[in-house]
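Naming follows writing order (A, B, C and D), and every chain is counted from residue 1.
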Amino acid sequence: MNTMGRLFRLEIFGESHGESVGIIIDGCPPGIPLAEEDFHRDIERRKGGGSGTTSRVEEDIPRVHSGVYRGFTTGSPILISFLNRDADSGPYEKLKDIPRPGHGDFTARMKYRGFNDSRGGGHLSGRITAGLTAAGVIAKKIIQPAKIEARILEIGGHKDYGSLLEKAVNEGDSLGGIIECMVKDLPAGLGEPFFDSAESLLSHIIFAIPGIKGIEFGAGFRCSIMRGSDFNDPVIDIEGRTSSNNSGGINAGITSGNPVVFRVAVRPTPSIYKVQDTVNFRTGKTEKLQLKGRHDACFCLRLPVVVESAAAAVLADLFLINRLYRD
Amino acid sequence: MNTMGRLFRLEIFGESHGESVGIIIDGCPPGIPLAEEDFHRDIERRKGGGSGTTSRVEEDIPRVHSGVYRGFTTGSPILISFLNRDADSGPYEKLKDIPRPGHGDFTARMKYRGFNDSRGGGHLSGRITAGLTAAGVIAKKIIQPAKIEARILEIGGHKDYGSLLEKAVNEGDSLGGIIECMVKDLPAGLGEPFFDSAESLLSHIIFAIPGIKGIEFGAGFRCSIMRGSDFNDPVIDIEGRTSSNNSGGINAGITSGNPVVFRVAVRPTPSIYKVQDTVNFRTGKTEKLQLKGRHDACFCLRLPVVVESAAAAVLADLFLINRLYRD
Amino acid sequence: MNTMGRLFRLEIFGESHGESVGIIIDGCPPGIPLAEEDFHRDIERRKGGGSGTTSRVEEDIPRVHSGVYRGFTTGSPILISFLNRDADSGPYEKLKDIPRPGHGDFTARMKYRGFNDSRGGGHLSGRITAGLTAAGVIAKKIIQPAKIEARILEIGGHKDYGSLLEKAVNEGDSLGGIIECMVKDLPAGLGEPFFDSAESLLSHIIFAIPGIKGIEFGAGFRCSIMRGSDFNDPVIDIEGRTSSNNSGGINAGITSGNPVVFRVAVRPTPSIYKVQDTVNFRTGKTEKLQLKGRHDACFCLRLPVVVESAAAAVLADLFLINRLYRD
Amino acid sequence: MNTMGRLFRLEIFGESHGESVGIIIDGCPPGIPLAEEDFHRDIERRKGGGSGTTSRVEEDIPRVHSGVYRGFTTGSPILISFLNRDADSGPYEKLKDIPRPGHGDFTARMKYRGFNDSRGGGHLSGRITAGLTAAGVIAKKIIQPAKIEARILEIGGHKDYGSLLEKAVNEGDSLGGIIECMVKDLPAGLGEPFFDSAESLLSHIIFAIPGIKGIEFGAGFRCSIMRGSDFNDPVIDIEGRTSSNNSGGINAGITSGNPVVFRVAVRPTPSIYKVQDTVNFRTGKTEKLQLKGRHDACFCLRLPVVVESAAAAVLADLFLINRLYRD
């Protein structure tokens, strides 16, 4: 259930306040050069630290336990883990019976019958995306020369969000945002019609990132107010290039060679310092809850690299699968 | 690649102008009562016929070839097919080298190196969703007493779209729309954190339906302009009920017992009668293309039942998987 | 649960006395020439008719419903079915509550809670292997120039089994046998260490054939009485050729380029005309059972082509997966 | 490719002389009590140390990194690793271009194009089965009250193999053997007809253990010389109990409630101290090879617990899947 992919396959593990979090990457072709430094830039991008992000800052040095030998992938499973060092489980003990609104506390309790490690969200924590980011570093190498880039489009509805963010932080509240991801120079032919459409697989992995509430490709939701004569992208050469890109580089589930473009909606961080209404499982009564601890006021700011990594993992899989269709 | 699901599993087949289209449903529990009449209502809903839908109307009688015996599912694979009777492949022969804008003609040609059956879109056609609709009929029985309902929210940006639609039809153009799907009385605990989150699996299958360009859960894209204090749904009882439903009934990838709500954006039908720009593969030159044949001016009108069926199939799978967690 | 394969994937369906049996082959590369005649030889080999085989002889014309267009595979799922024409369900009605020894009557009843179609074994019947044989025809094309051949090694313990078989038939009894399968000119590098070892996957599909009770590779069970100095195959050139083949062409789960060789043990046909002891589910009492109807006295005679087909299907999958490892 | 299972799923990783080896167990139900001591007995059984087993003895303390909290499984992935401490890679450097007969050196080189970690067999080493053994400890808890036990049946063809083994050790040679595994008190109904038959899945995982060359269920290869009237197991009560067990507790791929019995053939250890013929990849010439280092003269002696664990893992999966069929 914690796995994704057909050939390039991911398996995640770990808990926010456990010993470590990480990932196994299976099905990675042998011979890909891989050094610890290759992870630095993306791991760094995922870290908090600036305004609007948590003061819990893990060192996050990726430890490669297997599958890499003398600087190259071997073709065997690659286990990468990140130690948890800066966890403070104190505040969570009191929350055991009080579900935080907007969090998975209630749903996890129901699903795992109370046996889950609920400290810091446990296995449901956004911290698990550290492993996904590491996998993305390898996936990006596989899909070369395709280039993938995700960036913040707006926070709280604004492209210029500095003062808005400051205000939310000061008020103990949180903000959401929109991220746009673009993949250029991807070959035509990736993805399948129907169940393994490129949109299906991309949305599948993107919604695996905690806190995403929407995704749209190309013109996206705007397509619903367009006419076919506006929406259809006119083909302009035998490479399949089109003069517009309302389809977001995907037709009938298959990439067309035009840039793949999608946007995701990120909810505001659920952990806020304002008083919230909830229910105490033990007493059965409603209760006022005020959270403490360290949280991102806008975790959306840390997500672009995670969105990139997730998308790259799916595209690497499609890239390898597509060899099936070659002569 | 044409498969979906872990326990309740679907495998689709067929081409728009081939002999038939259909589906195999594997992993269906034995003992579910199933008669031919059970399919009628949903198959009927999927058919065209009204204003804005195609005049190609297949009789669409589902033929059950296996897996049902004496009125009950047996636990063996259920093969259901629909014969293609009303196909007119004439217009497609000329289009062999001329990709229709907005269609998968180009991407399929690239992927399958020209070997695909391109008549009427072949295996990439929306006609394949007939099988999905049949599977939905069974899936809906599995998730009982949960109830699922999808409906048109707006067409071309309007809730009241009659004249708008008439106008588009008359001008040989097409329209898109938005569909909302709601699932009530679903148990808490379905879905997994991360890769098999309820949102991941629902979006995966929804994007398998041709022509979907966006999906959002609960508050959806609007979440990006909300503050955490507005977005977080306050918990009001120990059943996990919340006083708002911005999360769309899913937290941390797991259903909460509140209604699951999502909306999908449907693009305008790609086939229009207006003249469009494209390229001729054989000559390499740009060309004016005017389509003939019978098409939906707004295939969104036929999709609510398909959206329901697709969602039901995923939920049936999660429903069965969840028995893993029972004591 | 009725599926096999990662890229070249099979999904079987049907019941012995239902409308039809068959298979969907998904993940077949486009552009493979395929005509109805291509199936004739192997379908013919699987048919009964000679001494020791059943007098129920189906015409067994494979009907290709999808995935083939103008004489070539399209890359879309290939549905192939065989109509059941010569079924005689009469004798089975009486057997509803009386499990035939050696058959799956009891286990199916337990598994499916009585909802299974038990006529002629239903979905558990060896008739389902008709679809597997059809898939094998395609798989054999994919693994070319590798050649695969299975043959009877012995029946009832004898290479020369003619009179033995005659005697068993006359006495209303049945015989088992051993089949050897050899695959030549297979490339080195197919299969994975551990869970997807070539032996794992081959044995997986071989045991899917009803009635197989053992499989051994290379020296097989004899290896247990050999010393390492005898068993190890000396390497004689840089192509990896070895002067003996005790490993059966597979080392550490991966093919070596030497012939892949395995043998399978086939049990005697469970349906015999001699009186047998069993229990009546309804009365709870032991009962004497004498079967009627038409049965193979030695269905092993019909299995070589099925063994070939099953093995070819797995090897085709490994063949396609191996493109992952290419530069 | 390094994964197994549908609900109870295993993913292995590691190299013999890398940092560690281990396993992720995904899909384990929450609430199973699990302490470090639970692993001791089986890990101890797998260790070498006695006559005929290697003098490389790892301490093999299982380190549980995730998925267990306060003494119970949480329902999240369980990562268990074993550090490699006692590895001596010296002898392997010289062997880089000289494939050891009977080993995977050649096949791995071909598959991974020379990028694999070949020290001590790397990822292809039997050391990887440490993780499988740990998974087995958990799996055995899931299938309770079923009991599983594997034992040496014979070594080098003899039940009383003491002096035989001593002789082989002294001569620098190695021996193989046969292991029998029996599972009692398993419920009827596990396994599927065809591709996921109990025999298919058991043989799949058993052949994942390095060095297995054959498997047989119940009467096994002996069935080929039996008549149906001898082979068929007479049913003696409505629980499905039979007076003989030639089918090995499995009919039509489904367990019958009678004991599941199978035997596996284990090849002699490929590493021997006798001089062997092989080829030098660099020079292209044949060469005499004499191995040094520490090896099991009969690794079969260490395998019973691995066979048990592997079988338990598959049965745990079937056990959980079978809840699908419950009302």
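Here, contacts are C-beta pairs under 8 Å (C-beta built on N, C-alpha and C of every residue); 3 or more make two chains touch, one makes a residue touch a chain.
Remember, it's a predicted structure, so these values are computed and weren't measured experimentally.
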{"item": "Chains in simultaneous contact with chain A and chain C", "value": "B, D"}
{"item": "Pair sharing more residue contacts (C-beta pairs) when A-D is set against B-D", "value": "A-D"}
{"item": "Inter-chain centre distance, chain A versus chain B - centres from mean C-alpha coordinates, in Å", "value": "25"}
{"item": "Inter-centroid spacing, chain D versus chain A (mean Cα positions, whole Å)", "value": "37"}
{"item": "Distance between the centres, which are taken as Cα means, of chain D and chain B, whole angstrom", "value": "44"}
{"item": "Junction residues of chain B, two or more chains touched", "value": "1-3, 12, 27, 30-31, 75-76, 111-113, 123, 193, 321, 325, 327"}
{"item": "In the complex with chain A, residue positions of chain D that touch it", "value": "1-3, 9, 11-15, 18-22, 24, 26-27, 30-31, 65-67, 69, 72-79, 81, 111-113, 115-117, 122-123"}
{"item": "Contact set on chain A toward chain C in their complex", "value": "6-7, 27, 29-31, 75-76, 193, 320-321, 323-327"}
{"item": "Chain D partner contacts - residues on chain C that touch it in the complex", "value": "1-4, 10, 12, 99, 101-104, 106-108, 110-113, 121, 123-124, 128, 154-157, 168, 173-178, 188-189, 192-197, 199-201, 203-205, 207-208, 210, 212-238, 240, 242-243, 246-248, 250-257, 265-272, 274, 276-279, 281, 284, 286, 300, 321-322, 325, 327"}
